[in-house]
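Two complexes, one shared chain (chain A), two partners (chain B, chain C).
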Partner chain A sequence: MPSPSATTRRIVGTVGRHAFLLGATAIMILPVLWALAASFKTPGGIFDSNPLPSPATLDNYRVATRDFPVWRLLINTTVMAAGVTLLQLLIAVPAAYALVRFPPRAHRVLVALIVITLLVPPQSLIIPLFLTISHLGWRNTFPGLILPQLYGTGLAVILLRDHIRAVPSTVLGAAVLDGARPGEVLRLVLLPLLRPALGAVAILLFITAWNEYLWPSLAAPDIDHATIQPGLAAFLTQEGPEYGPLLAGSMLATLPIVAVYLLASRRVTDAFMHSGLR
Partner chain B sequence: MTHIADMTTSGPTELPTPTPTPGRPRPDVPDASDAAPDGITTDGITLAGIVKRYGAHPALDVPRLGVPAGSLTVVVGPSGCGKSTGLRVVAGLETPDEGRVLIDGTDVTHLPPGERGVALVFQDFALYPHMTVERNIDFGLRLAARHDRRSGPSRAEISSRVAEVCAMLGLSELRRRLPSQLSGGERQRVGLARAIVRRPAVLLLDEPLSSLDAQLRQRARAELVRLHRELGNTVVLVTHDQLEALSMGTNLVVMNRGRVVQAGPPEQVYRYPADTFVATFLGSPPMNLHTVAPAGDGRVLAGPGVAARLPGPPRPESGPLLLGWRPADGLLEPVDAAGDGPAHGGGGPDVDSTAVDSTAVAVPAGPGVVLRGVADVVEFTGDGTVVTCVSPGEDPPWAVSIRGRDRVPAVGDAVRVRVQAEHVHLFDPDGGLRLGATTGRPDAAAK
Partner chain C sequence: MANPSLIAGERGVDHAPPVVRLRDRARPWLYLAPLIVALVVWVYGPLVFTGVLSFMSWNLTAPHPSWLGTANYSRLVHEPQFPHAARNTLVYAVVMLPFATVVPMALAIALWKRPGRVSTVYRTLLFLPVVLAPIATAITWQFLLDPLSGLVNVVAGWFGVGAHNWLGDPSSALYSVLLITSVKVVALNVLLFGAALANLERGLLEAAALDGATEWEITRHIVLPHLRRTVVLLGMLSLVVVWPWIFANVAVLTQGGPAGSTDNVYYRLFTYAFTFFDAGTASAAAVVITGALALVLGLGLLVAGRRRRAIA
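Right, the complex of A and B next:
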């Protein structure tokens, strides 16, 4: 039986912890809520003190979708993010599978080399990549948008490596003894076992690609191939920023991510937990 | 019967003598099995000069080992002795650094595992977790059908073979289940079914019983033996359990530190262990070993608490020897006040007068060994009792098994044990190699 003072201390501790966590959550979520509220406000009311959109309006969304090709941008972004994700997985799965098979010392060296590719700041690659796609005539094309973003595939390799290592080697050995060729072991045994992991990694890669700003703004400034993140910058006009439509567009830009999250929230959490990022 | 090629890296081993003739020296004979002169048998599995290293340390070093076709060969040894590595080399999951693997006379060293006619049941069964029992079992057959549409199995053949195997192993009701919905015993049977549905010439089992609970083990052991009888193919089973090793196989291979120490029928290996490792590894409780020195005319060996009279010619050694006997071969004798044993069938009263010195034991008149000690630990095992005794002096404790309802000494009682001469084993104290039970010289003439 704990003494009263011990009980009090425990209650105080619990309350304190919860207060801290609630505060931290508020810091994270308030800007989002403010943006959501502001996207429904009239132009004059954006900066007023009322946190709720009291004369609520859909004008901002109307402007964003009618006067501005938001749907076009969202489709472009989806194509780009999906393409980047698929190609990264297509490369990373066989790479990680092969990586696991190396003897321990070679394995460590290769992992170190792959991690080094992740340590190169993407900004430092922008100029050579830009020159390359310009020479290839790939500006304002999906290949020009997608292929250079594969420099981050190393992350997917590292993430998948851990999952592949968790598959018992005896199961793969059993498939080999059953007469499966290497490709069949991969396709018929390993991939089905990796499906949850692949889902999580795919979501992580998709969100990362979706939020990419710098490269799409350089590689595809043309509206036909522009993506949503740089596209939103178009609301920052010479007459000053149009906050209402900008925030409305931002809300629309997060919708796909929110949808993915609602469909597979646990996998998203897992993906970020295991990636050790963000 | 083709005999396993003798792999004993040590010197002499012995012929399988049916029962040692009392009073007559049972000779040690160097390898004289009826295998081909060079040790190669064309059927079954042959390992020739196989070496597998991990780093600089050889995990497997087998100059020559034959596994007779149709045998149930049990490979036993402590963990890390190379037995599983050997199995994986035969299966093709590991490539040996040197040497060749032959299956039924064909060199398969460089064939992929799927083309060797070999199936392996893994210790963890290694079922495909995402496939039903049925899909697990027919996976190999469906691959074969896909790889070779003309001579591969037809769909009808696959389903009839799967049904047959399921019926054989009592899996028919479970065909639609996933491995996660099965018990340990059921998983083991699925692993077996998956292995035998492809009708392999060689079936390899890597500790197939170790992940089953004790109750299931006994039954699974009998099922495996029955299965081997029905299939009639070559089965190699790896285990670290000496009881499985002795009870299941028609052929036993004992390994230690990457080498084959002894190979042969289980009874032979058990009765005539090639060295002290085999002697103490097989059998529970393990063989007792005593350091003894020749005394008198060379027919008498004595150590603290032990005295032995050997039949036959005197031992040539002058230095110490290791004397071994199995706990079950010891017969408890009543200890009278004088410490003098009773008249014994072959012996008669001890010749020497009772020693006053507590460490000396009267040498028996007839061939045999007499031990004296004090009961230290008494363990009831159900169908018997194991008494661990300590002799005066430096010798390690020794154990004697008492069967059934025989009288059991209490802790602290003086104990006197007699072992018949034909149950005595002698070993070289340096290498631990067998010296022969009662005579010093290998004698081929006794064949």
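Right, the complex of A and C next:
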């Protein structure tokens, strides 16, 4: 039996791959596109089965930004997510550095204890965390919003540890031979090399914190410190559901993240490819 | 491999004066201290606290807890809701597993095989479901799955499938919530598998191709083994991280219904704690959940470790 030529096989493979990618992508972004279109629909039009907005209106965005403190919520969310990301990195970088470069005797146990914290369901911590910040009078404050989310720092440590391990030890060893102290090696040699990895981890942490729903809804229910995710739920209860403004608000909440991703992703992936880190 | 002498200490430890030796011994703990404090204060402390609370009777609106013994646990076992929620949780976890591993892995490999502008566009589009606000995702699906005008029923109609109340029917509500959530899981994990693939040396594949290996052989013998660790990690991590997403969908769309069909142990826990303010029962539920998860993940790690040894 003659085997199909390499070219035929390659064409079939390419078509198959694109059909698979196209199908999966279409299914996955359909809800996003529907939500985007619906955010321009009139209150009546949203119940139509026509997915396109006709007539289209900006009313939902007007309601979301004028009658509802969407900007306030977005600023709060930015402060919270940036705070969580920054603190986690500040704690995780030195820890990961120490675990790779001068692991203490007990480092296996320590790593196991860190990995376990990744696998503890946050929901089982929520009652003590809630009681703690209530007791400290930290409800509706940024420390109350941000600090308990440090329970997730272990993930940053484990991810960064893999990246630091991939840095050739000769590079760091050379700096040591030149007389650099461990702190200097970290700051002057390792951090510049790690920048792409730090960027990727930071994006992951920022998005996770940005999308956090349960904790902010318990820790900061007041509008002064409320974040956008639970804040959007206000559209569902205040005198009947207002779906249009809710979707408009969530588009405004999604936009900054997409912008961050678009700006950073090229640089992060490029840097991954060209850094020589593996 | 790293040079062991460079790991053991930045300077020769053996002939150093005692002060330097002490500094070398103390140094790792200095760098690790903030992490240890954070994890003790925000994870291990609360875990112990939860364990103690699970033996207490405490309505969160009352000033003080009182000792109760194991009554919270026997309540969980004997009332019908919790065992039912536990069974549902198992279904959630098992059905979610392929969406956390095989599906995103296949997409990530397909994207990685032919890098270029088209792949970048796909990657960006696939990222969008991750960042759509959880509550907007839930509301959108509420409209898409609407029994009368929802797009899903319209499309199903083209294929001769009659209109169905996906979220209102106990036989389909759980799977509807699962599929809605799986979109986010797939989208996030495509990204993470992509990151793992970025570490794979392309030269290795070119060499294999020159030696006459077919595309499938390359995938089977080089790419998949490279991803094994990531599959195990993401499979296990997904068992923990998907619950906030499932929670948001259940809270907005079904509140655990209809007839308890979308209920799960995490939603139960939340209901005990913040609907009934019953901190004791909620804590007992948290202990049971954490223990069961530890058992599953421990067994998973054991199996994964053994298989790796068998292959190597």
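One rule holds in what follows: the second predicted complex is superposed on the first by the 236 of 278 C-alpha atoms of A that agree within 3 Å, B and C clash if a C-alpha of one lies under 4 Å from a C-alpha of the other, contacts with A are read in each partner's own complex, and residues count from 1 in each chain.
Here, a contact is a pair of C-beta atoms (placed from the backbone, for glycine too) under 8 Å apart; a residue touches a chain by one contact, two chains touch by 3 or more.
Just so we're clear, the structure is a prediction, and the values are computed from it rather than from any experiment.
Visitor: On the superposed three-chain arrangement, identify whether chain B or chain C touches more chain A residues.
Guide: C
Visitor: Would you check which partner chain A:E184 touches, where first means chain B only, second means chain C only, and both and neither mean what they say?
Guide: A:E184 contacts chain B only, not chain C.
Visitor: Once chain A of both complexes is superposed, is A:W71 in touch with chain B (first), chain C (second), both, or neither?
Guide: In the superposition, A:W71 contacts neither chain B nor chain C.
Visitor: So, does A:G173 touch the first partner chain B, the second partner chain C, both, or neither?
Guide: A:G173: touches chain B and chain C.
Visitor: Is A:Y97 contacted by the first partner chain B, the second partner chain C, both or neither?
Guide: second
Visitor: Of the two partner chains, chain B (first) and chain C (second), which one does A:I114 touch, if any: first, second, both, or neither?
Guide: Once the two structures are laid over each other on A, A:I114 reaches chain C alone.
Visitor: Examine A:P192 and indicate which partner it touches, taking first as chain B and second as chain C; both and neither are also allowed.
Guide: A:P192 sits against chain B, while chain C stays out of touch.
Visitor: One more residue to check, A:L21. First (chain B), second (chain C), both or neither?
Guide: Touch status of A:L21: second partner only.
Visitor: Using the superposition on A, tell me which residues of chain A are in contact with chain B and, in the other complex, with chain C.
Guide: In the superposed arrangement, which is not itself an observed complex, chain A uses residues 170, 173, 176, 181 for both chain B and chain C.
Visitor: If you look only at chain A, which of its residues touch chain B in the complex?
Guide: Listed in rising order, the residues are 168, 170-171, 173-181, 184, 188-189, 192-193.
Visitor: What part of chain A is in contact with chain C in the complex they form?
Guide: Chain A residues touching chain C: 13-14, 17, 20-21, 24-25, 27-32, 34-35, 38, 46-49, 51, 90-92, 94-95, 97-104, 107, 110, 113-114, 117-129, 131-132, 147-148, 150-151, 153-154, 157, 165-166, 169-170, 172-173, 176, 181-182, 185, 200, 207, 210-214, 218, 228-229, 232-233, 236, 243, 246-247, 250-251, 253-254, 257-258, 261-262, 265-266, 269, 272-273, 278.
Visitor: Where on chain C is chain A touching in the complex?
Guide: Against chain A, the touching part of chain C is residues 2-3, 6-11, 24, 27-32, 34-35, 38-39, 41-47, 49-50, 53, 103, 106-107, 110-111, 113-114, 120, 122-137, 139-141, 143-144, 149-151, 154, 183, 186-187, 195, 198-199, 201, 215, 236-237, 240, 243-244, 247-248, 252, 266, 269-270, 273-274, 279, 282-283, 286-287, 289-290, 293-294, 297.
Visitor: Note which residues of chain B are touching chain A in the complex, please.
Guide: By the definition above, chain B touches chain A via 91-93, 112-115, 118-120, 122-124, 126-130, 139-140, 143-144, 147, 194, 198.
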